[in-house]
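One structure coming up, written as C-alpha cells, with questions to follow.
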Amino acid sequence: MKKIVFFMLATLLILTGCTGKAQSGEENIVKIGALHPLSGGLANEGQEMRDAARLAVKEVNEAGGIKSLGGAKVELIEADHEGAPEKGMSEIQRLDREKVVGVIGAYSSGVTLPATQEAERAGIPFVVDIATVEEVTERGFKYTFRVQPPASMMAENFLEYFDVLNEMSETPLETVVLVHEDSVFGTSIASLIEKGASDHQIDVLDNIPHAATAADISSTINKINRLKPDAVIATTYLRDGTLLVNGLNQSNFQPKVIIGVANGAFSNTAFINDETDINQHIMDVNYSINPQSELALEVSQKYEDQFNKHMGPNAAYSYTATKVLIDAVERAGSTDRAKIQEALSETNLTEHILPQDTIVFDESGQNANAQAVLNQIINGETKVIYPDEYKNADPVLPTK
Amino acid sequence: MELLKIEGLTKRFAGLVAVNNVSLTLNKGEIVGLVGPNGAGKTTLFHSVCGFHKPEEGSVTYKGKELIGNKPEHICKEGIARTFQIVQPFGNLTVLENVIVGAFNRVKSYKEAERLALEKLDLIGISSFAYSRMKDLTFPYQKKVEVARALATSPEVLFLDEVMSGLNPSEVNEFIELIKHIRASGISIFFIEHLMSAVMALSDRLAVMHLGEKIADGDPQEVMKIPTVIEAYLGEEVS
Amino acid sequence: MLKVSNLNAGYGNLQVLRNISFEVNSGELVSILGTNGAGKTTLLRTLSGLISAGSGQIEFSGKQIQKMRPENIVKEGLIQVPEGRLLFTEMTVRENLELGAYSSGARKNMNKNIEYCFQLFPILKERENQMAGSFSGGQQQMLAIGRALMAEPKILLLDEPSTGLSPLLTKQVFDIINEIKQEGVTVLLVEQNAHQALSMSDRGYVIENGEIVMEGTAESLMKDNKLRESYLGLAN
Amino acid sequence: MKKSPILITLALVVFAIFPLVVKDQYYMHIAILILYYALVSQAWNILSGYSGQFSFGHAAFFGTGAYTSSILFTKLGMSPWIGLIIGAVIAAVIGLFIGYLSFRFKLRGVFFSLGTLAFAEILRIIIQNFDVFNKTLGVLIPYKPDPLMFQFSSRTTYYYIILIFAIAVTALVYYISRSKLGYNLVAIRENEDAAQSLGVNTYKNKMIAIAISASLTAIGGTFYAQYMLFIEPATTFSNDVSINILLPAIIGGAGTVLGPIVGSLIIIPIGELTTTWFGNFVGVNLMAYGVILILVMLYLPEGIVGWFQNKFGKKKSAKKNKDSSISGGEEVGTLKN
Amino acid sequence: MLTLILQSLVDGILMGGIYGLVAIGLTLIFGVMKIINFAQGALLMLGMYISYWSFIYLGINPYLSIPLSAISLFFIGALIQKTILSKMLNAPEHNQLLVTLGIMLVIENLALILWSPDFRSVKLDGFIQTLNIGGIGVNVPKLIAFIAAIVLSIALFLFLKKTMLGKAIRATSINRNGALLSGINTNRINYIAFGLGASLAAIAGSLITPFFYTSPTVGATFILKGFVVVVLGGLGNFIGAIIGGLIIGVSEALGGAFLPGSLKELMTYIIFVIVLMAKPNGLFGGKAR
C-alpha cells in the first residue's frame, strides 16, 4: 500500500517537475500548429490536410521565410486529435506550450468547437480550415477565424446553383431526395437545404441519414428507387458516398443528376481516379481551388507531385488557412499572438488559390467571401462549371 | 425437538432420478451423518435443501416453515449454513475476508463483522492464515475456511459436505473435536463424509444413501452392519 | 510394464500424492483402492500427464514418461478411461470412437477396432449415430471404455468405472473389463468398489490420504480386516 | 491502508496544491483529465471491478449524464448543478433497467459485456433520432462563466471540482469496500453460489452496484459536458468512451480502491507522451495503449495495484507462512494445459 | 411496393451473407477457445490489404489472392495464439477480451503507420457489377461473397464433420481433457483453430475488397455486427452464424425501407438484446456458454 502511494506521488512529481522544462526561445523560428485527425476513422482526411499545411510552410520557407521577422523560418507543429474532443483540447494546450503563434485545424466539428474554445481562452489565433457547423464562428470569439464556408453557406450556394441548373436543364429538376451521413456534418447541411428548399420550388421527397461507417446503404438506394426523384443530393464521406453512387448506378432507376454538397467522396482522389466507371458527370457543390488561377494550378501540381494525390478541397482549405495565418504573422511583424490576431482580423489576401474574391474576415471571424462552386466530374477530372468567372468547363446535361 | 424435516424429497435431472423419495429429520443438537458411495445423491440432497436445486417433489420444513422454493440466501438467513463438496472459495480474497462475507449475514458494521470472523477463524484454528489469499491455500484448508465462513453466518444448522477429505489423521481428530465443540455451542449438524472413522466417531445418527435412495437410517454401529449397506460400500460379494 | 517410484504430485501448492511407488506387470490386472479424496484420480491424472509430477519417476515400457505431454503418453500406449468419462457429448458414438484412434499408430486399424468395440458393446452399434451426451451413465461408461480401446492400449487405466451405475450395470462393466484383460491388455483399475475390483484383480494397492498404505495379492487383501475398517470405519 | 495515512495525506496535499505550483494550462488540463478518468473509472470499478459484472457499455451512463444536464441547460436554462443530479438519477434508472434485463435473465461474463455494449448503441441511436436531443447535431453549451451554471473562467476551478468529485468517489469506494455491500459485491464476483450460501442476495446487490456505478458515471458525463462545452452522440456514446472508462481501472487494478487512480495516472500521461515523442508516427500512441494492455493482461492480470498488494501487501501467499504443515515443504507440480 | 420489398429482401440476404461470413471465424474461435476475439475486424483488414497489395503489385485478381491472404493470416493467427493467447487460456474471460482488444489496437495502428490511412480500392476491368433479374438488381461481388459464405460454412461444416482433424477440433472444444486423453495435441488444435479463424477473416476481407474501400479502420464497420450475428446464431455454430447474418441483413434492409431516420440500426440491437435475454445460447442452440 505504501508503495502504491509512493508511486502515485512520484508520478505526480514527475508531472509537476516537467513544467520546469525551459522552452527554447529561438527567435528565428515561428511555430504554427496544425491540428487534425491524423489517426482514427478520419485519418485519411486529416493527413491529407496536414500534407497541404506542410506544403504551404515549405513554400514560405523556400521563399525566404517571414521577411518582417528577418526571414524567420516557419516550423509546423503537427498535432493529432484522433477525433476525440478532449484530445483536441489537450493538443491545443500542448501547442500553447510549444509557443505556437497560431493554429490551423481541425476538420471534425465536434473537436473544432472545444478546440477553438480552448484557443480563445489561451489567446491563440485559430484559423479554422474546415469545420462545417455554424456555431464555430457564432460564439463571439476573438481568436477564431474560418476560411471555409459554413453549412448555411453551403446550403445557400447549393440552392442557388440548383436553380441555375434547372434553367440549363431541358427537363425540369423538381423533386429531390437528400442523402446524408448522420454526424453533425451531414445532418446540418441536409437540414438547412431541406429548410430552404420550398423557397426554391424544390420538393424534398425524403431526407435519409445513414452512418458513415455503414457497410451497406442499399436500403437508402431502395427508397430512392421507390421515390424516383429528379435529383439525389448527397452529403457523405468517401466510403458511403461510393456505396451510394455504385448502388444507384446498379439500380433500375437513374436520377437525372446526382449532386454532392460538400461531399467527401465526390472530391476525393480515390473516387475521382478509381471510380471512373461510375463517377462520370457527377456534380458537387463544394469548395475547391480556382481553376482560373495560375497560382492555384501551380500549387495543386506541386501538391500532386509531392504527395502523389490530387489536391482536393480539404487540402486546398488547409493550405489556404496556413497561408492566411502566415500572412498575418508577416503583416504583424511579430510573434505576439494578440498582434497576429489583430492582423488576422485585418486580413485582405488577394493572392490565394480559392475560387472567391479576396479573403477577408467579418466580425465573427468568418471568411466573408467564402463560397462553394459547382463542380462536375467530366472524364475523370473535376471541372468547375459554375459560377462563370471560375469555370473551366461547360456543364454536361443531362448527366446520363 | 425436530428442527429440520425432509419428507419425500425427489430430484430429477433430465430423466435421471438423483434423489428418490428421501425423508430425513434433524433434531435440535443432533449430529447426523450421511454416507453413501459416489453418485448416491448425497450432495444433490444438500443442494435441494439449501435452495440450489428445486426438487420436483417433497417438502423441507425448518421450524415448521416450508423451505422449498426459497433461494439459497433466504435459507441462509433462516439459519441454515453450509459448506460445499467442491470448495467454492472467494479465491482472490484473504481468508479473513472470506469469513467476513459470512459474518455480514448477521451484523452491519465492519468492526463487528471482523471481530466475528476472527473469532471463527480462531475457533477453527486457522487464524494464522487470516491474511493469506484463499486461492493460495491448500484444499483441506480451504474446506476449513468454508466451515469458518458458514459458522460466521451464525447458523442454527450446519451442513458440512466432505470437510475432512485430504486431512491427515491427526488433523482429522482435531476436526472431530472441533465439530463436537460446534455442536456443544448449540448448532445442529448434518454432514456428508467418506472418512468412516470420522463418521462413526461423530454421528448420533447415520443415514445411508445409495443410488438416490435412503437405504438405512439409525444408530451408526447398527447401520453399518446392515448387509445392503456393506454391499453398497464394498460392492456385491462375489463368491 | 508400468513402474512408479517415489511419485509426488498435486495441484498448485497442494500436494496430493506422497511418495507413491507401485508397479504393474504385463498382463496383470491391478487394483488401486481407496475412499473418496484419497488421491486415486490425481494419481491417474499424473500418470496420463494431465498433472505434471513434482518429483519421482514413472517408467512405462522402459521409457521415462513423467515429463511427456499427455498426447505423447497416449501414443506410447498408456490409455485412461477417466473419471466422469470426459466424452465428447455433442458428437456421435462413432465419432467418439474414431477420436479414440487419433494417435497415429492406432489410426490405421480404426475400422477394425470399431468393429471390435461394437462386438464388445452391441448397444454402441445400435446407437452408432446418436450423440454421446444423450446416453445413460452405463452406456457412457461403455463408450468411454470403447474409446480408450480404440487407441490400442498396452495398458488401460480405469478410473472408477462403476460410479453411478446400478449393481447390474456395474457387473456388466466389470465383466467387460475381465474380457479385455483376457484379450491380453494390462489393466490398472482404480475403484471404491473393493470386493468387485479385488475379485478379478491379480494384485491390489490401498491408497489413503495420498499414500499407499497396503498392498498385496487380491486374495490377501480381500481377507484383510484392515481394508474393511478403512472403508466402513468399523474400528474396534 | 492503516500504515500509510501520512502518505495518503501527502498525496492529497500534492493534489491540492498542484494548481498553485503548476500554472501551465497544458498540465492543468492533463491533471483534470487524469482526475476525470479516475472518477469515471472508479465508478466503473464499483460495478465491474467489485461485483465483477464487466461492463463494456459505460458510455451509456456517461452519455446520459452529459445529455441530461446539457439538454436541461440549453433548453430550459436549468443549472447543470441540478442537471447533474437529475442526470445521475436518470442514469441510475437506466442502469436498473439494464440490470433488470441482464441479471434477471442471468447474463454473465462476456454476454453481459456484449449486452451493455448493445445498450450504449441503442441509446446512441435513440438520441440521434429524436429532435429533443438535437439528433446528431449535438449540444453546444454557450460559454458564459457563472459558478451557478457550472462554468468557470479559470481552469483551476474545474480542477478542484473534479478533484473533489474524484476524492469523494474514491472515499465512497473505500467506504463501500469495507462495508457489507462491498463484501457482498466481491463475494458475488468471486463465486455467486458461495455468496448465496452465505446469505448474499446476489440480484439485489448487483442492482445496487449498477445503480451507483451508473449515477457516478453520469456525474462524470455532466462534468465532461461542462468542461468541453460540446457533446455529440457519435462521440459521447461511442465504444471508445466505454473503453477509455474501463482502461484506467484495468491497468491500475480492477476491484481495488486505488486502481483507477493509479491507472489513470499512468495511461493518460503515457498517451500524451507518446503523442509528443512520436508525433510523426501517427498511431504510435494507440499502439502503445494496445501493447500496455496486452502486457498488463499477460503479466499483471490483476493490474498494478493488485500486483502490489499481492507482492507487498497484507495478502500473503500461504507459502510465506511459517506453518509448514500446509504444503508439505515440497515443491509440487502444477496443472498442465 | 412489391419490388421494393423484394429488392430489400435480396439486398438484405446478400448483406446478411457477408455478415455471416465475417462471423464464421469469430464463432469458430469462440467455439474452440471460448474467446471473443475483438481483433477479428483487424484480421479482416489485414486480409483486405493482402488482396489489395497483390492486386497493385502483382496484378492478381482479389478473388485469386484468397489463398494467399488465407494462408498468410493462418500463420499470423497461429502466431498470435502461440505468443499471446496461449498464455491466457485459463485467464478470466474479460481479460481475454481485453487482450484481443489490445491486439486490435496494435494491428490497426501498425497498419496506419505502415500503409497510411488512405482509402484504397480495387477496380476490376470488365467485371459485371450487377445482374438484373426480373427488375431486381443483384450486386455481383456481394453475390459472390454470399455464395462464398455459404460454401465456406458448408466446407467448414464438412471439414469438422468428416476429417479427423476437424473432429479433433470439435472434440477439443467439447472436452479439452477428454481430447488430451485421446491423444489429441490440444495446443496444436488451438493454433489451428485460431489460425483458421484468422484465415476465415482474411477470406472475408478478400471477398469484400472488390466492393469496399480498404483502410486501417475498416474492421470496425464489420466487427460489431459480427458479434451480434455470432450471438444470434449461437456461439460456436457455423450454420447459425450464416442464418444470424441473414436475419440481421434482412431486418436491416426492411427496417431501412420502412423506418424513418437511422432507426433501422435500432432493430439490430434490439433483436440482439432480446436474443441475449431470451435465448442466450443463440436462436439455434449454440453449443456453449
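Per-chain residue numbering starts at 1, and chain names A, B, C, D and E are given in the order in which the chains are listed.
What we mean here is this: contacts are C-beta pairs under 8 Å (C-beta built on N, C-alpha and C of every residue); 3 or more make two chains touch, one makes a residue touch a chain.
Just so you know, these numbers come straight off a predicted model, no measurement behind them.
Taken together, chain A and chain D share the touching chains E. Of all the chains, the one whose CA centre sits at the greatest distance from that of chain B is A. For chain pairs B-C and D-E, the one joined by more C-beta pairs in contact is D-E. Measuring from the averaged C-alpha position of chain A to that of chain E gives a distance of 35 Å.
Chain C and chain E have centres, each the mean of its CA atoms, that are 42 Å apart. Between the Cα centres of chain B and chain E there is a gap of 49 Å. Mean C-alpha position of chain A lies 73 Å from that of chain B. The residues of chain D that reach two or more other chains are 128, 135, 282-283, 286, 318-319, 326-327, 337, listed in rising order. Multi-chain contact residues of chain B (touching two or more other chains): 136, 138.
For chain C, residues touching at least two other chains, in rising order: 11-16, 49-50, 69-70.
Across the interface of their complex, chain D is touched by residues 1-9, 11-16, 18-19, 38-39, 43, 47, 77-80, 82-86, 89-91, 93-94, 96-97, 109-110, 113-114, 117, 121-122, 133, 135, 139, 182-184, 186-188, 209 of chain A. Put simply, chain B touches chain C in their complex at residues 16, 37-39, 135-136, 138-139, 162, 165-169, 194-200, 211, 221, 224, 230-231, 233-239. The part of chain D that touches chain E in the complex is made up of residues 54, 56, 101-102, 105-107, 109-111, 113-115, 117-119, 121-122, 125-126, 128-129, 135, 239, 243, 250, 281-284, 286-287, 289-294, 297-298, 301, 337. Here chain E touches chain A in the complex through residues 1, 3-4, 7-8, 11-12, 15, 18-19, 109, 112, 116-121, 123, 129-130, 132, 135, 137, 139, 211-213, 215-217, 220-222, 225, 249, 252-257, 261-262, 264-265, going by the rule given at the top. Residues of chain C that touch chain B in their complex: 11-16, 35-37, 136-137, 160, 162-164, 166-167, 170-171, 192-197, 199, 209-210, 228-235.
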